[in-house]
Amino acid sequence: MNRKILFLVVVVLTSMTLISGCGFKDIDKRGFVVAVGVDGTKNKKKPYRLTLKLAVPTGTFKQSPKPTYAYLSIESATLAEGIRILKTHTDKELDFAHAKVIVLGESILERDMKETFDIFLRRRDFQGIAWIAVGEPSAEGILKTNPTTDLPGSNALFNIFSNEGTESAYIVTTYLYDFSRRLFEAGLDPILPIIRTTEKTNEYRTNQAIVFKDDKKQLKLNTEDTKFYNILSENETKADIEVSKKELLFAIAANNIKVNYKILTPANKQPVLKMNIDIQGIVEESTERVTPEKLKDYSRDASEVAQKRFTHFLKLLQENEVDPLGFGLRYKATRLHNRDTEAEWQRIYPQLKFDVNAKVKVKSPGVIE
Amino acid sequence: MNRYFYYLLAVNMVAHIITSVPMVLFEARKGGAIVSMILSLILGTIMIYWITKIFTCFPGKGYPELLKEYTSKWISFPLLLSTALVWFTAGLITVITYSALLRRFLTPEMPLMGIISMIVLFVSFGILMNSRSVLYTVEIVALLSIPFTIFIFIKMYLDKGMNWDFVREAMMYIGNMPDYPSFSASLYVILGPANLIIFNRVFTDKQKMTWKQLLIIGITGAFALFTSYFIPIGFQGFQHINHLVHPWFLTADSIRMKFGFIERVLFIFALVNLAVSFLSILVHWHVTTELLKNIIWFKKFQWKGYNLTPLVFVVLFWIGSLVIIPYLTEPQLHTYTEYALNFLSPYVLVILFSLLWIKKRARA
Amino acid sequence: MQRSTKATETIRWITKQLKPNTDFVEKNMKIERKEATLLFIKTVVDGDQLQKLVIKPFFEMDSETHYEAYLQSLPSQQEITTKEKLIIELTKGSVIIVIRGQLIMLDVKKVNTNNVLEAAIETTTQGPQYAFSEDIQTNINLVRQRYHEPTLTVEIFEVGAKSHQALALMYDRETVSQEVLNKVRKNLKELKEPIIQSTVELKRVMSKKKYTLFPKMMVTERTDRVVYNLSGGKVVILLDGDPFAIIAPCVFFDFLSAMDDNYYPYFVVKFLKGIRYLGMFFSLVLPGLYVAISSYNPEIFRVQLALSVAGSRVGIPYPSFIEVLFMLLIMELLIEASVRLPKVISGTATTVGGLILGTAATEAALVSNIMIIIVSAVAISNFAIPINEMNTAVRVMKFVLLFIATISGIAGLTLGLIGLVMYLTHLNSFGEPYLKVFIQKKANENEGI
């Protein structure tokens, strides 16, 4: 009996070591890629420059108060080939399951995005909730920047997008799945945030965005326009509005923004996009004393300003024939499908008139009058 | 009806989303997917109502017993055999799809054979249990996993990434004529109670089937179908969704939990679905074994007082899955499941008609 | 005089059987015209009682007839069936009185084990503090004192081909399930064991199957639990010489209920129960989960967590499952050692084992910090299971799940858990399904299925 049990234990242990050969790989033998950067090169044979940022696991926090990263870079014909070769550059098994940020260098934006991006959609281990961004001047430069506020166990790049760290109306967040659907669907154009860094500063600046249309057309949104995009897409319900009127200069912190719009196509008339924007906020800064009676004036002034700026932003999009807010999609979504729906929209968008009705309501002067 | 009836219903409603059912619907998204869904919902509910109603007239009796009692052997034998085959295929579809999914998302390095044997090993134990224990298992696992599923569904509905404009765009195709594959596929979603053909054996008390219960079936069925069709569209877009091989898994990978040990909902979804799919396989193959027991029974095939005939069936299941699955490529797998789905759901009509006939004879 | 010759014959036989014992006493009492013989074993009878009940009245009574009538009226008189039975009773502490050619047997047992003990294993903070004694009479008395229902029935059996212990089967006639009762009776009658020393052993031999893991009958020392279960229609078995009772049939959920659950407010109880189930789940799953996640699917964790797990494993020379197995075995040894050690030393053992070994092992980079946390979480949460036998079953079961997780990762672990559920629903305890959810009211629950 005892011998039987002994035999069983031996069998179990050996089978454990034998069977665990397949797929069993300890966590410390894996190299976790936390960010992937793709740049373009001038070399025709090897058009891609792939950069991987690996987190090097360190013991306790006490032993290493700064996170340590390793970088791998290579130029290759395809990204898949690059990954294969990079595997020989390291002792660890590359694990892309934690690659939460994919940065595209400026130099690659002119190429066919669908082609460049294919591997990230096709491979199983890139997560659908990875963040995509454009890096200026290059993806490699972004990856190799380590801000001083970076702590072990938290990556500064993640904190920018995750809403766990900083939250700002100037940061556009685009997930991988969102990017892919915008890339392939008509009537909703891809938009990516731009991360900038300089040699000297050693920090990230993420307050611009770029909109794509087809392969060639692009529109860079400046800081202010990026904010308008965030407000109108309802990604951000907190923003600020600066108003200057003669001597008076005040800023409103909006904390509740609601946007809805309709596309009206009355027969024989110019098509109209009717947009209602409801903003509630409080005064954050002002050059004069804000008495309760003045709140109404403030609301009116702010409304006027907002209306003007939003209309201007929408016209900017229209002139450049880009559609990151999904007007085309809304058009298709509100009309019973027929064969010409797509073509109709192509015709309508350039001559669309924007009827923006922004209503700002200032609720309080803040803590002081 | 007994609460176990609803578990059978729920298992199919959740388990179908990993099979090819949503993909069949997405193929027909620019055609008559929506109308087919509505039609199948109505017809399916009526069919289920009818079947259940007939079974309530014969408490404690399964389909094989009824066939034996009221028909001749020449009719019951082919009917039982074909039913067993249909149910086996239904189970096999889930085994195939889930093992492919496991290989893609959870255990990419493990050989396919290993994955299949792992699933089938546990299922083999389950299908040999008595029907009562199967129902208890179904209840416990369902009670543990379905709340998670509903949590994930709700999280998806409320997520910012869910773009309702895509859903509306899909809705704009409501005017098209229904087509057969999507009708048959969406019928599969609410056909869970068809498992009563065996499990009615343990419902020994007189059950009631009222319009209230019919309403529950209809509403949950509508919710399940609506969810499985529109959520992926809301996340992945409308025009190109048929390019995705695992639309539901990619959709689950599109939402994130900001706080918690696990950030990617995909893994919770995969594990919960593993549990529910397992139940689906368990239920279908248990029914198959019980049906086969009524056709083939070796009286002399005994060892220490146990009859070993069910083991023969289990061996057949093993051979079936281990031979068929590695042989297929993924696109083939999808095509064949589509054929199977085209055939499976209407087969319930055959059962329904035979039951109606039995009822008529019973009354006479 | 037929009667008397038979009696003398019996006595001669008994004397012959017991003569080699030096503590066997055969005493003749004679005064005037009265005469009687006493047979007993000195070491097991209560001398005071014997003197008071038997010897003294003999000299005070007027005649043999009076004395006989007196003896017949005593409550401790026992029925005489066979010769063999007589001897067994003598060894248990009875006295045989031969008077007028007739045998009368009286129970004058000396019991040294009838003091009621304090509950030591299943303690409650607020609730009855005393448990059973080691004497069956006292124990039956304890139960009867708490359950004044005329339908309470006590059947006395005898078990052990050599030890001839008394065994009491108690149940409430009204609520008990006849099917279960018959099964238990049949089971008890079929026992062939020569000696049954303890209730736990009785439980083991009753279950018959050789390879078992999960308990199907509950062994308890709490009188309130026994009474609670009696009223719920269960069968209770008491064995002489053991301060534990067996409750049958018992299903899975019974083993996770503590008696406190009946005493505390509703939400407190729900919370405590939740904690207990969570504890069981953790102690089953955590070791396997650690291996599965750290070696198969590190992508499941959020990135920060994955990196800190990876960081804590830096420098550990062997794969995760050996690490887990090693630490778990140390922990099991520690538990086993502290059970066996005298209470005075066991505190030291845990300190040495737990604190010093744990710290030293991490310092030496033999195991990771996170591993130590997991192992101690497993140990602690395991003790949240109130019934000792379920506790040990879970301790063994976690190794099975660890094994499955080692060969097939997180998917295997999930399937393993489902397999466990299937196994449990497959079991039954005297015909009752072992694992089944009770949602509806009891009457509806039994409807149909």
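Letters A, B and C mark the chains as written, and numbering starts fresh at 1 in each.
We adopt the following convention: contacts are C-beta pairs under 8 Å (C-beta built on N, C-alpha and C of every residue); 3 or more make two chains touch, one makes a residue touch a chain.
Every value quoted in this text rests on a predicted model; they were computed, and no experiment measured them.
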item: Chain occupying the middle, per Cα centroid; value: B
item: Chain of greatest Cα-centre distance to subunit A; value: C
item: Where subunit A and subunit B are represented by their mean Cα positions, the distance between them in whole Å; value: 39
item: Geometric centre distance via CA averages, subunit C-subunit B, whole Å; value: 45
item: Subunit A-subunit C separation of Cα centroids, rounded to whole Å; value: 64
item: Of all residues in subunit C, the ones touching two or more other chains; value: 296, 299, 303, 409
item: Touching two or more other chains - residue numbers and ranges from subunit A; value: 23, 25, 125, 127
item: In subunit B, residues with contacts to at least two other chains; value: 107, 110, 114, 263-264
item: Complex interface listing, subunit A residues touching subunit B; value: 22-23, 25, 124-125, 127-129, 162-164, 175, 177-178, 180-181, 184-186, 188, 235, 326, 329-330, 332-337
item: For the subunit B and subunit A complex, residues of the former touching the latter; value: 30, 104-105, 107-111, 114, 160-161, 163-169, 171-175, 235-240, 243, 250, 253-256, 258, 263-264, 266
item: Residue numbers on subunit B that touch subunit C, as the complex places them; value: 2-4, 59, 102, 106-107, 110, 114-115, 118-119, 122, 125-126, 129, 132-133, 135-137, 139-141, 143, 202-205, 207, 260-264, 267, 271, 274-275, 278
item: Subunit C-touching residues of subunit A, taken from the complex the two chains share; value: 12, 15-16, 19-20, 23-28, 30, 32, 34, 55, 57-60, 95, 97-98, 100, 125, 127, 152-155, 158
item: Residue ranges of subunit C touching subunit B (in the complex, touch as defined); value: 296-297, 299-303, 305, 408-412, 414-416, 418-419, 421-423, 425-426, 433, 435-437, 439-440, 447-449
